[in-house]
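The structures considered in this document are given below.
After this come two complexes, each holding subunit A, first together with subunit B and then together with subunit C.
Now for the complex of A and B:
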């Protein structure tokens, strides 16, 4: 099995960056990282998570969809789409790696979102096993194995370097020309590293969420639960949880008048915002309780209902770490999942 | 202290002085407390918490809570009390529906600082003298309280409550302001270009989640100009980093003279942008141009930016200072 020593990482990334743009997590300050384009000398973060998720690569916060310009009394439609260049994202954890599959179910379902599809087709995922999960991690509840992330190439971290494994054809095509930078090692080492990860994951404090109380078909049971009022009480209605979330995929489309042309753009929307789902006829979600409920019902009930049981949460824990008032999906699941006779 | 607060709250609920209590609710890991309204003695016993992680300012919730029927008991730290008073000055809170209890604050810890000190996997925290003892997934860790304190608490403006109906513990005093304005001094000493680069670097990380605005006790417009599609300024996303900066600058201008420097904006920022520095610059300018002033000091609105005195600075001061 291919093994890349930590000291060879720079050479590996340098070679990889010759054929495509390469994005790596970089520490912006201790304990906080974000994705940056790799250039020689870039220090790759060894932290667990980037503050923002990796969804930004495929579903950016804003993008222009079309332009309209009046020329000689005719409206010209400008299509801003261009073929995306190949790129690779390094260091994607198992939770984020799973999130792409969830986004695919939304954007690649008929009718295919060509803007998203374009980027997805050109983006290579170099995923990374976790060695130091955080207390906020709860991916195991959703059947995600932090030791074996999905992706095109899997990096299994043993602390001194990485066992490499191509999981797709594209991954193989990427990895083959880089094999000379690696050495050959017994795959037993990779298995041992994975076991170590799983041992830690097994003692995480949020492993036993009442997942079974949620899922498709639970709308009637959960929608009118009185607990929503108490759970949403302190929510300040900001968009933090939705914007750091790897699976939140709601967007808004608006027109912007530049003075010379109209730009039709889409941008992330947040169910936490007061104008979410505001329509000509009004807004079906008038208070924060309804908006708050929407976020969790979407992830835990509506999404699985429409997508073969798959939950719309990957347990990355970013919302737990970022929510200004620490009210998040774990507290919601625990509260709503309590047995009535236990209360 | 926590037990003292719970006991007093139970008494006030029992004798009918109040019908509800606003405070902080226990979370999963000690540090993740949530502001909450408690209605019964049992709820208080079970979940009420007051410790070094109750940084959330509860005063803004009182806009909504005081509009409801019945009186609510609000536990106010000195910072919260300044915000509360400022909201009273702006007629945002119905005073008669709030029973304000001033509580002491030794400074609040910032889990972000603990994480950036390299301590991860924190599942529980207890206080031991001048230290926090942290149980983590990877063993026990210790950190000096002062190293875990939020920036706003390291430069605490006051341990005094400018308003209360009742006080628990001893009343504190105002603290010297020098340290609080050190970072502003530093920014002022930069060249315009350096300062521009500094802010551009910081604000470029903004994800426009609006947490700073929504948590801010001075941001109480019922429909913010940035949310109102009819304003022409409505922004769900910024076209470029310049626009992002404008959002923050406009917000800082709008709260100028009303901001009590509670520091909630910086606490909630998921990108750790030092937003409080914008506000502090305005506070320092107001002090210098109009004489020492502290928003939230009293409930009579004498904000120098909305009142006129002959000795006030002339508008031309902007031009003069800009040239310096």
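Now for the complex of A and C:
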């Protein structure tokens, strides 16, 4: 089995960056890391807890959908799409790696979102097992194994380097020309490293969420629960949870006049915002309670109902770390997961 | 590159008809003079004025109107103000069709149909009504109960008088909210009128109008003995993408843009009351 020593990482990334853009997590300030394009000398973060997820590379915060020029009463429609350059995202944790399966169910469902599909086709996911999960991590609740992330190439971290496995054809095509930078090692070492990760994850404090109380078909039980009022009471509707979320995919479409043409762009939107569902004739989600409820019902009930039971949350913990009022999906699940007669 | 549903096509506004003081009907053609695309009654399309915005509108013409596509649009916001300022020959963009239509070739075949509309709620039903009139042999009797605030607010009034009232097997019952000079028809709200008319319980109902009208009409129908399985309506919530991805038009687990806009009332009963 291929094994990459830590001191060979720079050479590995340098070679990989010859054929594609490469994004790696970098410690941007104490306790935080973010994805940056790799250039020679870039120090890769071993913490891997990026403030924002790798979603941004496939579903950017803003992008142009179409352009228009009005010439002589006629509208010329401009298709701005071009093939994306090949790129790779390194150090994607198991939670984020799973999030692409969730985003795929939305964007690749008929009719395919070709902007997203283009980036999925050109973007490689180089995933990595977790050695240092945070106390806010709870991926295990959703059946995610932090030791065996999905992706195109899996890096299994043993503390001194990584065992490498290509999981897809694209991953194999990427890895083969880099094999000479690696050495061959007994796969038993990879298994031991995975077990180590599982031991660490098993000690995390949020492993026993009442997941069974949620899922498709639970709308009637959960929608009118009185706890929503109390849970949402302090929510200021800032939308931070939706922006750091690797699976949130709601978007807005707007037009902007550049002076030369009208650009139709999409940008991330949030169900937490008061005008998200506002119409000329009224708003079906009038208060923050309804908007708050929508976010969690979508992740925990509506999405699984429409997608074979898969939850719309991967337990990455970013919303726990970033919410200014410390309200988040774990508290929601714990509170609503209590039997009503226990209260 | 594959085709992308979010990139619209430019089309020509061929004709603008002022139906009421705040409703206009727009006839849309491709630049070559043809129909932009085919649809099934109940489906919608996204119309935009570049630089102003894009919105979802029901297609009010029938698939049997083979030469053109029409939209009846009420002036009630930013985009619709712009649309109302359009003149023939100007262009807009369109994309679609979107959504689940009325089951005109399935459950509605062979049925006696009762259409109930209030105000601009006639727009989506007009597509079905014209379709049924053009394929008369496939459907039973047709009753249309339509109400508006006043006589001048009745959309498609000319078409109702000259085409629908004389169509074989068609009965049309019009009502306006308040009595006015020159109106010798029924006066009163649609829900009460439907109850007064006491329609046959074998009919299949298609209802559309303001939410409050739909609510009271369906309650009245239910009191008369109609079952939710017999009643169809078409919903409207804010939309951006039209294809179930932008995430804002859901009622529970259903997206109005793709799982609707047409719903049967027994289906709506399964969804949370958030619309």
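We adopt the following convention: the second predicted complex is superposed on the first by the 338 of 343 C-alpha atoms of A that agree within 3 Å, B and C clash if a C-alpha of one lies under 4 Å from a C-alpha of the other, contacts with A are read in each partner's own complex, and residues count from 1 in each chain.
Assume a contact is a pair of C-beta atoms (placed from the backbone, for glycine too) under 8 Å apart; a residue touches a chain by one contact, two chains touch by 3 or more.
Source: prediction; values computed, not measured.
Asks: Scan A:112 for contacts with subunit B and subunit C and give back first, second, both or neither.
Replies: After superposing on A, A:112 lies in contact with subunit C but is clear of subunit B.
Asks: Name the contact category of A:269: first (subunit B only), second (subunit C only), both, or neither.
Replies: Both subunit B and subunit C are touched by A:269.
Asks: In the superposed arrangement, which partner chain does A:62 touch: subunit B (first), subunit C (second), both, or neither?
Replies: A:62 contacts subunit B only, not subunit C.
Asks: For A:36, decide between first (touching subunit B), second (touching subunit C), both and neither.
Replies: A:36: touches no partner chain.
Asks: Which holds for A:279: it touches subunit B only (first), subunit C only (second), both, or neither?
Replies: second
Asks: State whether A:252 touches subunit B only (first), subunit C only (second), both chains, or neither.
Replies: Both partners, subunit B and subunit C.
Asks: Touch check for A:135: first (subunit B), second (subunit C), both, or neither?
Replies: After superposition on chain A, A:135 lies in contact with subunit B alone.
Asks: For subunit A, give the residues common to its interface with subunit B and its interface with subunit C.
Replies: The answer is residues 252, 254, 269, 278 of subunit A.
Asks: Touching residues of subunit C toward subunit A in the complex: what are they?
Replies: 1-10, 31, 48, 50-54, 76-77, 80, 89-93, 210, 236-238, 240-241, 243-253, 271-272, 274-275
Asks: Residues of subunit A touching subunit C in their complex?
Replies: 65-66, 68, 70, 73-77, 79, 81, 106-107, 109, 111-115, 117, 216, 219, 223-224, 249-255, 257, 262, 264, 266, 269, 271, 276-281, 284-285, 290, 294, 297-298, 301-302, 305-306
Asks: Over in the complex, which subunit A residues touch subunit B? Could you list them?
Replies: Where subunit A meets subunit B, its residues are 28-32, 34, 48, 51-52, 61-62, 132-135, 200, 203-206, 230, 233-234, 236-240, 242-244, 252, 254, 256, 265, 267-270, 273-275, 278, 320, 322, 324-327, 330-331.
Asks: Which of the residues in subunit B come into contact with subunit A in the complex?
Replies: Within the complex, subunit B touches subunit A at residues 27-29, 32-37, 56, 61, 112, 115-118, 120-123, 136-138, 205, 207-211, 213-215, 223, 227, 229, 236-239, 267-268, 270-272.
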